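Report on one structure; see the data block that follows.
Each chain gets a letter, A, B, C, D, E, F, G, H, I, J, K and L, in the order it is written, and its residues are counted from 1.
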Amino acid sequence: MNELLLLNGPNLGILGKREPEVYGTDTLADIERAVGEEVADRGWRVVAVQHDSEGELIGAIQNHYDTVGAIVNPGALMIAGWSLRDALANYPRPWIEVHLSNVWAREQFRHESVIAPLASGVIAGLGPLGYRLAARALRERISD
Amino acid sequence: MNELLLLNGPNLGILGKREPEVYGTDTLADIERAVGEEVADRGWRVVAVQHDSEGELIGAIQNHYDTVGAIVNPGALMIAGWSLRDALANYPRPWIEVHLSNVWAREQFRHESVIAPLASGVIAGLGPLGYRLAARALRERISD
Amino acid sequence: MNELLLLNGPNLGILGKREPEVYGTDTLADIERAVGEEVADRGWRVVAVQHDSEGELIGAIQNHYDTVGAIVNPGALMIAGWSLRDALANYPRPWIEVHLSNVWAREQFRHESVIAPLASGVIAGLGPLGYRLAARALRERISD
Amino acid sequence: MNELLLLNGPNLGILGKREPEVYGTDTLADIERAVGEEVADRGWRVVAVQHDSEGELIGAIQNHYDTVGAIVNPGALMIAGWSLRDALANYPRPWIEVHLSNVWAREQFRHESVIAPLASGVIAGLGPLGYRLAARALRERISD
Amino acid sequence: MNELLLLNGPNLGILGKREPEVYGTDTLADIERAVGEEVADRGWRVVAVQHDSEGELIGAIQNHYDTVGAIVNPGALMIAGWSLRDALANYPRPWIEVHLSNVWAREQFRHESVIAPLASGVIAGLGPLGYRLAARALRERISD
Amino acid sequence: MNELLLLNGPNLGILGKREPEVYGTDTLADIERAVGEEVADRGWRVVAVQHDSEGELIGAIQNHYDTVGAIVNPGALMIAGWSLRDALANYPRPWIEVHLSNVWAREQFRHESVIAPLASGVIAGLGPLGYRLAARALRERISD
Amino acid sequence: MNELLLLNGPNLGILGKREPEVYGTDTLADIERAVGEEVADRGWRVVAVQHDSEGELIGAIQNHYDTVGAIVNPGALMIAGWSLRDALANYPRPWIEVHLSNVWAREQFRHESVIAPLASGVIAGLGPLGYRLAARALRERISD
Amino acid sequence: MNELLLLNGPNLGILGKREPEVYGTDTLADIERAVGEEVADRGWRVVAVQHDSEGELIGAIQNHYDTVGAIVNPGALMIAGWSLRDALANYPRPWIEVHLSNVWAREQFRHESVIAPLASGVIAGLGPLGYRLAARALRERISD
Amino acid sequence: MNELLLLNGPNLGILGKREPEVYGTDTLADIERAVGEEVADRGWRVVAVQHDSEGELIGAIQNHYDTVGAIVNPGALMIAGWSLRDALANYPRPWIEVHLSNVWAREQFRHESVIAPLASGVIAGLGPLGYRLAARALRERISD
Amino acid sequence: MNELLLLNGPNLGILGKREPEVYGTDTLADIERAVGEEVADRGWRVVAVQHDSEGELIGAIQNHYDTVGAIVNPGALMIAGWSLRDALANYPRPWIEVHLSNVWAREQFRHESVIAPLASGVIAGLGPLGYRLAARALRERISD
Amino acid sequence: MNELLLLNGPNLGILGKREPEVYGTDTLADIERAVGEEVADRGWRVVAVQHDSEGELIGAIQNHYDTVGAIVNPGALMIAGWSLRDALANYPRPWIEVHLSNVWAREQFRHESVIAPLASGVIAGLGPLGYRLAARALRERISD
Amino acid sequence: MNELLLLNGPNLGILGKREPEVYGTDTLADIERAVGEEVADRGWRVVAVQHDSEGELIGAIQNHYDTVGAIVNPGALMIAGWSLRDALANYPRPWIEVHLSNVWAREQFRHESVIAPLASGVIAGLGPLGYRLAARALRERISD
């Protein structure tokens, strides 16, 4: 068990091309690489999964119970992704929710995440750096 | 037309391994078998479908208009599965909604099902037995 | 202890004559007989109680702590029967809430039951058959 | 760039067979043909996509950034399709939301569309004709 | 069938002694007599029933299906008397809801009556005279 | 001062032709005549005013402070006619609110009247007869 | 007039046997005795009434207008006991509302009492001692 | 009967001078002309009515029951124009609601129209073109 | 351009006779004179307009775009005067909202004004003096 | 550890001069003395602290962890004193919330206390006597 | 008694440096001077107090009961400053609430002031001039 | 300008002794040291400020406009600390909100922070490590 799950939800596959004034110019590949660097000294490998479909995200969680932990950016599934929530409720390891933008500075419907109550922690508004911080947090909090 | 549709939604494929203190230790296969036994004397065969994706569940409904009736456990799609609701609105036969757990004893967001108003009946909180009761109800209410 | 409590609330004494298009033509006596048949092989006898008054229903619960379990149709007390709820909170055995009609297909004020969070399970919309299913559920879930 | 995207969401693939008293008897193929006729003199070809899954609809949008514009019938995803909304937020061209039925004459939960704030316009209640009107609107509003 | 049901709910038995600045000084007997006078020329007799208990009121309705119509002052059961509502739903004749005080000029919780949607009409704020007007309305609207 | 103000709001001028299944076939002239008959023995004359505009209704109230009392059917101004409310707040005599239909049996937005808290009484659901009852109430409650 | 009314509502007759972890092990008889001791030096006798039915509680209030004051534990009628409220509105003497448990530390629906606005004071969360404190308060506040 | 009613509400008489960045530079006369062209081949003449007062709009509807259909832009009366709604409820022919701007992209209070549930269809956000589309829809949907 | 618009809404024409305990004894003429005195040294003349009808108020605004600024007391149109709001949105000059009474010390429905967000400022509760203060504010804030 | 903390919040230092018709004429010193008398036989000394600032109240709590218990009147901090709540959450001893007035008989915003869920009990509406009752409750409930 | 209290709440001490595009460039000293000039001819002296802490503001009010009146800008304490409200409830003289910005043109949470119901009047949106208008209002309304 | 502001709100001064099962055993001094280490290589010094009073926190922000950025843990002021919000709105540098616990896994009233919309980012649920991550984020995002 030396893999870290990096799970990205709808519309995150096109990062870099997606509303760059909101989400920045880094691509998802850039982020995956950065996360990998952050946890390299723990000997962890990053398993990066991105889907636009809630069903496939659920499948990915079920297939990766044997990871050390996870970083989850649910995208807009933070709003009504109750099935994703149930999938994460059964995930046996620590995980951290990440949002690129500061969701509380945006529309009201982005102000409460249905998965956040189950997360170990939440990091929002810090762009791609948020993923690295989440990786570091898992690195420090998960014992061998 | 001698098939009964048994439709299970997100996170129900991992029954037995999923939060067993909430959902019990029976697997979905166990449930399918039990339902089959319940309706065997009517000569009905169970068509069991499980998907984690709302889209695929909709497809399954569209492909099984010629079943005698259905048992539907929408999982967390009870909360915001409006598309599933629309699919069921077009399903031409009686169907019963089943939940393993007593959803009213859980979080507030599980207290109202968007598909329930269209169901013939609802059975909740009785674990795998609920599926058998639903099967029996269909068996008794559907005339040849 | 070989009695099963069958508790029916307001307006259920006139079943058969009551809005038959909603509640069907079975009388309460029909239902009591059917429930009795369902649990006969467990050696259980049905104690059937119906009251239009919440206070008398509470009294009935207090007088039957030594039953094996209960089937409760609260009628419209599902809406604001908080005292009934408190009485059931002290009932020491499993019980199942039953509604003849599918309450979610009706007015908004029938969509949430104040007693449901305390029930072992809920069965709604299946008419008199719902009582039989509840009886069977208790028969299978209660060990000798 | 001479393609017009015609995007239809859940349960719209079975038009003609779906609750005809609500949605009419035209099939989706009929609609696609009618839209094609409406924009033929602009030299536009219709790319018709229908999916029951929100994830696949998002993919279709990402794959068709190079269309001249779009007509989008989200079906019940109008209610909680926040991921679809985010996908459309990144679509670079004008698009119009169409509903076959008058959603405001139906249940309360169909009264506000989460994607409408991003549309160029909304047309509802006019049946298949609504698509043709949307096509004409795009034809007149999009300059070469 | 020549009886008119006059049904009064909780706290109306002490009229005359009850907060006279709100409810006036007429007693319930005064009101019964006045209603009787109003319908005397139709040959109707008034059956006056008053109970403080919702359950007994329900019983009274069930026992008087063979009346020509009813005048119902539910008292505070207008607020949460859902069981009374269900009893009235099964009452086969026209009935009118009466309130002595103008309930909309009082606390917010008296502004909507749960039984009013089922009434033929509502008269409020006119004191004991309201009962007479209700009697006259029934007298004119009910054909022999 | 021997005039009774009969004030009717928007859409009440076309009574008889207006949704007769809801509002009946009596014309406003019929109602004015009936009210006149009801108060004739008090020597009162009916001043009948109908306007579709809230502003003109306000003017009518200001011009008739010297009437003995008023019957007011605000039509849909019951919902948001705050200016009408303020005009009635300054009317120095008793007045009664009348609605032809039972507004609580209709849409939710007709369940609370913004003018009702200021009325002496409210009569609803009794059709044109409601006006006569209101006239009688004023006749009996207003002393010479 | 030397009697103090001690009025207890639904489910309080079984104190001692009722969810003892919430309500303690004292019986209602214990409480009545304690209250009696508290007011003995004023020469007051305790009239203890307990009913599970709101209607009977209303009757008890009407029958005891000549008491010096009252202690009222409405049980769950604090939530929707509007008829009880109206009965207490006509009670001519000071009275204090008592709850055994701290209702604000429990479910949301126990956070506001419909009778509290009419009480002289409210004491909650102090178990049987709360009744004694209420007795003392009445003893000190009521002059001979 | 060969007239089409074109009804415009408050603040629409100054189109062209009114917040042109929101409502465009076309005048109402331009729109009336365009609508006329759209329906010319049906032999229909446009009767254009604009009022800032709800009362006068109601009058216009009552005076034009013999038109073939109507296009209605209620302006801000979409928010609380309940009297206008009642007037339209009695209009015997098909009519379509039009808004120049996309009301869902604006303030929350513009997100639900009180008249929309009664319309045959709604077209919003397409500027003056919306009126032409509405005209075409009526032209195609109304049989001779 | 040397005119100041003084716009008063419904029920303000009868100031002095209107609920004097709330609105005082000054007449509207008194107020117009006082405002005139306040701005006389700027060489401004007061154009005073009062209407009970929202439609006419809208017309007045459209006819006075060439005033230096405005003082607007919307009366009860502060509550649901959305059309008035739209008219003011197009008014090209500074304007101040005035209320005679302190609207926040009154009923809840007077606590938020739909036109206030568009005003330069709001003055409430200071009686007729409020108009003079508004006049002074415009006098000091509007440059020649 | 023989001290009892008596903590009073904003505006309670001026008791006796503060709205005497609501809060009475006793001063805070009177209350402190009365509480002292109540607990004298336990050998407890009263440490009385009053601050108008939430921050200082928090400090006082932190400085008195070694008291035997506390009486807390939060004044208006009952409404939004979340920081005070967090301070009390860490206070290791029993404490009772006291209000001089019956907060449920006052404005809606005084009907729920944010600190009450953490208290051992709540006493309200009994004036200065409430403090003495609280003292007695602590005296009886705290063992040596 | 010849002092006027000028009370400013949190974040108002840094006026001039604070978000100047919202609050302007005048300093608090400028405002104090202007208010002083406004009331000089009454012989009043301005006592200017500013605190960022609600507790200290409450203290300032208690210390200045002998002022002729007050101008109060509560800053953001308008939103949840319930303790400040209670302090002002005991202030024996007229006072006026002032806000520099038009709070209704800003975020929703600034749309209702908890202290406004107790003020003599409210002036908002007119910048530093608002203080001068408030001073003038007090000067004219307070008799010697 | 080489100082980093570390601002901690109410109840954070007692970290280590405060509900350790929620907030951990690290003291505030531990956290200050850890943050200092994190930013040492930028040559930044940590200015640590903790207050239980909102007023003093506001003062601290005003006194530290010349810091490079800030880390802010508002404690329970996240709920109603509108004055703190206004102070932060004027803070000229980037700042990050930190919470030790996962506020969304706790009571509903901790689910939305009034200051979050103004933050550069938010980190919650990661205990003392959250401060270090915030420090790192500022270190990487703030250019020299």
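What we mean here is this: a contact is a pair of C-beta atoms (placed from the backbone, for glycine too) under 8 Å apart; a residue touches a chain by one contact, two chains touch by 3 or more.
No experiment lies behind these values; they were computed from the predicted model shown.
Chains that touch both chain F and chain H are the following: I.
Of the two chain pairs examined here, A-D and D-H, it is D-H that is joined by more C-beta pairs in contact. Chain L is reached from chain H by a rotation of 120°, derived from superposing Cα atoms (nearest 5).
One simple way to say how far apart two chains are is to compare their mean CA positions; for chain A and chain B this gives 31 Å.
Mean C-alpha positions place chain A and chain E at a centre distance of 63 Å. Chain D and chain E have CA centres that are 55 Å apart. Residue numbers of chain K whose C-beta contacts span two or more other chains: 53-56, 80. All chain pairs in contact, by the document's touch criterion: A-B, A-D, A-L, B-C, B-D, C-E, C-G, D-H, E-F, E-G, F-H, F-I, G-J, H-I, I-K, J-K, J-L, K-L. Here chain H touches chain D in the complex through residues 96, 102, 104-105, 111-113, 116-126, 129-130, 133, 136-137, 140-141, going by the rule given at the top.
Taken together, the chain B residues at the contact with chain A in this complex read 9-11, 13-14, 17-19, 51-56, 75-77, 79-80, 109. Residues 53-56, 58-59, 62, 80, 82-83, 85-87, 89-90, 114 of chain L are the ones that touch chain K when the two sit in their complex.
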